[in-house]
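You will see chain A twice below: alongside chain B first, and alongside chain C after that.
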Partner chain A sequence: MSIPTRHFDALIIGAGGAGLNAALQLAGAETSVAVVSKVFPTRSHTVAAQGGVNAALANVLPDNWHWHMFDTVKGSDYLGDQDAIEFMCREAIPTVYELEHAGVPFSRLDNGKIYQRAFGGQSQDFGGDQAARTCAAADRTGHAILHTLYQQNIRAKTHFFDEYFALDLVRDKEGTICGALVLEIETGEPLLIEAKATLLATGGCGQVFRTTSNAHINTGDGCAMTLRAGIPLMDMEFYQFHPTGIAGKGLLITEGVRGEGGFLVNQDGERFMERYAPRAKDLASRDVVARSIVTEVKEGRGAGEHADYVLLKLDHLGADVIDKRLPGIRESSRIFAGADPVREPIPVFPTAHYQMGGIPTDRFGRVVMPARYGSEEVIAGLYAAGECACASVHGANRLGGNSLLDILVFGRLAGKDIIDYVRANPHRRETDPASLEQAMARLTRWEYTGDGVPAHQLKAEFRKCMEDHAGVFRTEEVMAEGYGKLCELRERFKDARLADQSKVFNTARIEALELENLIDVGLAIAVSALNRKESRGAHSRPDYPLRDDVNWMKHSLYYRDGDRMDYKPVRTKPLTVESFPPKERVY
Partner chain B sequence: MKISVYRYNPDVDQKPRMQTYEVRPVQGMMLRDALLEIKQQDESFAFRHSCGEGVCGSDGVNVNGKNCLACITPIAELSEPITVRPFPGRPVIRDLVVDMTLFYEQYRAVKPYLIRTDSLPEREIAQSPEDRDQLDGLYECILCGCCSTACPSFWWNPEKFLGPAALLQAWRFLADTRDQATDERLDALDGPYKLFRCHTIMNCVEVCPKGLNPTRAIGRIKDLMLEKGL
Partner chain C sequence: MIDPTLIPDPDGVTDEEIRRLRWQCRRGMLELDHLLLPFLDRSEGYRALDPARRAEFVALLGEQDQDLSNWFMSRRVPEDPRFHHLIQHILAVVAADRS
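After this line comes the complex of A and B, so read on.
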């Protein structure tokens, strides 16, 4: 098989915050690096992050990284790995300063320091008063950060392959991963990119659900590639539903609205979060607030004609604060909800938002899996960072403001570790023709014409199925039925066909490849959820309403082959401080 | 409602054509939703899109003669018949997908990154809220290209005039009190074309989906050049 081939020290797949921050480290170290992105880098979904990035800078209220660590461990419902969490919360502070130095236009306080706002699940002094830890650029923080990182990569002359779609990882004859087969979207031609180290930074998979805050491109590509390579995905049952999506649309309304003083009311105008979280109220953790909203609606207290949403009220903040701190929200609400929040509340309902689980890594971004000598053996040359990875710092529920932090900290660290790895392993590896053929089969499979169901028809059915059977509340019955339907969809997908066989910018073909990824990742979520018989963080089971630390304080590992589950222990020992033992989680 | 879209696939078409589709309008439908509906009917139809909320800048198109972002353009605000074409003046790759290479090159040409010569502090570089306010209306650019591809000066001199999007970003860094490369940036914009081909036609202002004002930014750069020249 003759396929054009390029060689680099490092290959980064994905150009969001994690990929770009990793690239910046590598480019600065004179390491040859290729960044492959299926969209122009500034279109990556980091751009849509609104509220901000957490770091205990103490610019507004007293703070310290140890309190941040406590909140993150508690927020994770004690499923997060405490060594990785300690590391992230410590690194947060220099990371945010580095970003500011790189040019991020953070909002400012009167003393010239970075503006910080209150966010959900944050406290001072290990569970005390509300903290203000989220560094913000108005409500466009992700946009500001992504553009700055891309700009710095321009300065560093990083080599980009824009609008190239990654088909699959490839291996050498010894089985070591040595790059990826990619597809140039414009020409439809394949290209083999060989590299000594490969970083997956492909972001989330929100498109598995029908109603989501995620973009069209968030299709779990890196996670699915990992599964196909025989590597398990970790903790995939923990999928976050953000409490405040615009009702019926799914578009995100930042937690920053509540951080700035907005609150939720039901049809009676009652501030119902006071009943569910007496202390933190609207700034309880996201899983808590999302469940409260769904409960209000289920019990008939929803607002609107069909009583199927609640209202987010912020008019009392006044036009000045809204225009200064939440201008993007005002714009989105006017356009998509027809409501100007300066005068009227925004109709909201939980929306699929973030995968806490993902590709298992250690805190250096190295992919790990169970092997001969333990449950966390490093896979040489393969890295993952950002939403597609699971370090695990979010455990069963992520705190707002910790996602931008995760991508920046672990993207940077993965970049640094790759530099060392490439220096220690300077030899080029050659792709095994059998491995390349397998990757090519993903593409050539779509050349079969004849009878079959159009690929795009299955997509809507699949996403509806995930929404109905793996949502905010999950029972055995509902999930088992969903799993059955998904297995059937997986079978039918084998007969999916493309009518459009042209090569140039064939988006139907890209979407078919993405759907294959979505189905693999959807099954990882469904099977992991079906097997976890407890309620923890975002995984809420009315049939097992309590957290079960005796049997279930462990990470799930899902293997695609045979839909098999395995488990590994939570790392409860931090790096330097005392462990936070599991406690009842109240807000 | 009927929507007429520009179709061209170099694999099969000799020349471009317009094709009309019937789309059922629903409450709150955006142009992107309508284009997705067309794609359901005809999978060979190609256009770029992603976030669906006007922040990624992927789905800029020309509708009824005016550039816009499809995902935040309500169908109800468009007069029928609705005609959707690719951005003017850019080579068409397929259907509504155009080659934006030159647009990105111009962006890169203005060194769109903070340049600092002083040593960096251990904390943040201080900036007053008033100084930070100078960046509002500049940093929000999403690089969709609506402005530059609506600019006659850009159509006529695409290789020489940098275009409104790149110049807006040039001013974004000139306006940042943390940046220390003012002279270098101004020198790079000198000459009859790069900056001075702007004839304040203001198409850019009219079409910007984020409500930004590249013409004003260009004016500020010219003012600063004069000030420095004196």
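After this line comes the complex of A and C, so read on.
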């Protein structure tokens, strides 16, 4: 098999905040680095992050990294690894300053220091008064960070492979990962990129669910490649849903709408939250509101032609309040739901937002898995950072402002670790032809014609099944039924065919390859969720409503081979400070 | 950042042109996916534009996601009046499809 081959010290797959921050460290150290991105880098999903980056700079209110660490451990519902969390909260401070020096235009205070805003879940003095910890560049933080990092990478001569789709990791004869087979989307031709170290930074997988706030590009590509390489994914059952996305579209409608007095009604106009949460009503916690909405729909009280959403009413607030206190809501609703909330309610349904689990790594971004001598053996030359990775700093739930922080800190540290790794392992590794052939098979299978179900037809069915059976409503019965359906879909996908056999910009083929990734990652979520018999953080089970620290304070590991589950302990010992023991979470 | 291979064919819209543009309509923000891709697919969308306006659409795709989002969501008005008209046209086509 003759496939054009390129060689680099480091290969980075994904050009969002994590990938670009890693690339910048490497390029600055004169390490040859290739970044592969399926879309133009500044169209990565980091651009959509508007919130900001947490760092205990104490510019507005007293703060320190140890308080930030406490909040993050508590927010994780004690499933986060406390060594990684301590590390992230300490590193947050130099990471933000490094970005400032690189040119990110953070909003300022009058005294010239970086402005910091308060977000939910932030406290002073270990659970005391509200803290102000989030650094932002107005309402375009993700955009500002992505553009700054991209421009710095161009200056540092990082080699970009724009609009190349990564097919699979490849190994040498000894089994060491030595790069990836990628596909040039424009020509439809494969390219082998060999590298001494490979970093997966491919972002989240929100597209596994029918309703998601994630862009179409978020198809879990790196996670699926990891699974196919025989490496498990960790804590995939922990997926953050936002209770109010625009029905059928997924775009977030801020919780501020309910905070300002908006409320949810079913098809009969009933304020149903009064039944599920008589005291907090529409301001109950996210998982309670999300599950209540799904229950209304499941029991036939949904609104609309298909009774598949509920309504968020805010017309009683008046145009002035809506325009002044909820900017953008009117426009979003008018454009995407065809409803002006001044007069009509907004159709809403829970929307999949953020993946807490992912590729298991240590705090240096090195991928780890159970092997002969322990549950966390480093896989030589393979790294992961960002939403696709699980360090694990978010545990069972993520705090606002910690996602941009995660991608930046661990992207940066992975880059630094790769520099050392490449220096210590300077020799080129050659791809084993058998490994290359296996990766190529992922591509060539789409050349088969003849009978078979069109690939795109399975996509909607799969995403709906994930939403119905592995979304916010998670009982044994619902999930076990869903697992059966998902297995059946996985089988049917083996006979999927493509009508379009063209090569140039064959987007149907890319979408089929993405669907294969979605199926692999979706099964990881569904099986991990079915097996965890407790409620913790974002994983909420009505049939096991309590957190069970005796049996379940452990990380899940899902293997694709046989849908097998394994578990490993949570790292409860921080690096330099005392552990935070598990407590009931009260906010 | 206009890709010369994306300049529309004056003789009519080709399948390859649509396929190339489809990938350019994949963006970092979901709201842009929900506006640009349907506009490309609808018969009264991209295919109904004359070559000059198709070239404007290609130029629009070369703009940054954050700017496109601001323009579509009426947070800002593009300086280029051609873009302003095109943005309004895309919104109208996508809204008509929904109704």
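Heads up, the rule we're going with is that the second predicted complex is superposed on the first by the 482 of 587 C-alpha atoms of A that agree within 3 Å, B and C clash if a C-alpha of one lies under 4 Å from a C-alpha of the other, contacts with A are read in each partner's own complex, and residues count from 1 in each chain.
FYI, a contact is a pair of C-beta atoms (placed from the backbone, for glycine too) under 8 Å apart; a residue touches a chain by one contact, two chains touch by 3 or more.
Just so it is clear, the model here is predicted, and its values are computed rather than measured.
Chemist: Based on the superposed arrangement around chain A, label chain B with chain C as either clash or fit.
Modeler: clash
Chemist: Does chain B (first) or chain C (second) touch A:216, or do both, or does neither?
Modeler: Both partners, chain B and chain C.
Chemist: Check the residue A:48 against both partner chains and state whether it touches chain B (first), chain C (second), both, or neither.
Modeler: A:48: touches chain B and chain C.
Chemist: For A:461, select first, second, both or neither according to whether it touches chain B, chain C, the two together, or no partner.
Modeler: Neither: A:461 stays clear of chain B and chain C.
Chemist: Look at A:332 in the shared chain and tell me whether it touches chain B only, chain C only, both, or neither; answer first, second, both or neither.
Modeler: A:332: touches chain B and chain C.
Chemist: Once the shared chain is lined up, is A:155 touching chain B (first), chain C (second), both, or neither of them?
Modeler: Touch partner of A:155: chain B, not chain C.
Chemist: In the superposed arrangement, does A:97 touch chain B (first), chain C (second), both or neither?
Modeler: First partner only, chain B.
Chemist: Which partner, chain B or chain C, touches the larger number of chain A residues?
Modeler: B
Chemist: State whether A:106 touches chain B only (first), chain C only (second), both chains, or neither.
Modeler: Touch partner of A:106: chain B, not chain C.
Chemist: Of the partners chain B and chain C, which touch A:504 in the superposed model: first, second, both, neither?
Modeler: In the superposition, A:504 contacts both chain B and chain C.
Chemist: Given 62-70, 116-124 or 188-196, which one is the stretch of chain B whose C-alpha atoms run into chain C?
Modeler: 62-70
Chemist: After overlaying the two complexes on chain A, where does the chain B footprint on chain A coincide with the chain C footprint?
Modeler: Touching chain B and chain C on chain A: residues 39-40, 42-45, 47-48, 140, 143, 147, 186, 215-217, 249, 251, 328, 331-332, 335-336, 338, 502, 504-507.
Chemist: Going by the contact rule set out above, which residues of chain C touch chain A in the complex?
Modeler: Residues of chain C touching chain A: 1, 5, 15-16, 19-20, 22-23, 26-35, 37, 64-66, 72-75, 91, 94-95, 98-99.
Chemist: For the complex, which residues does chain A have touching chain B?
Modeler: Per the stated touch rule, the residues are 39-40, 42-45, 47-48, 96-97, 100-103, 105-114, 137, 140, 143-144, 147-148, 151-152, 154-155, 186, 215-217, 249, 251-252, 328, 331-332, 335-336, 338, 454, 456, 498-500, 502-508.
Chemist: Sort out for me which residues of chain B touch chain A in the complex.
Modeler: 9-12, 28, 39-40, 43-44, 46-58, 72, 74, 93-95, 97, 100, 104, 108, 111-114, 116, 120, 122-129, 131-132, 135, 139-140, 142-143, 173, 176, 178-179
Chemist: Spell out the part of chain A that touches chain C in their complex, as residue ranges.
Modeler: Contact set of chain A toward chain C: 39-40, 42-48, 140, 143, 146-147, 163, 185-186, 212-217, 249-251, 328, 331-332, 335-336, 338, 502, 504-507, 510.
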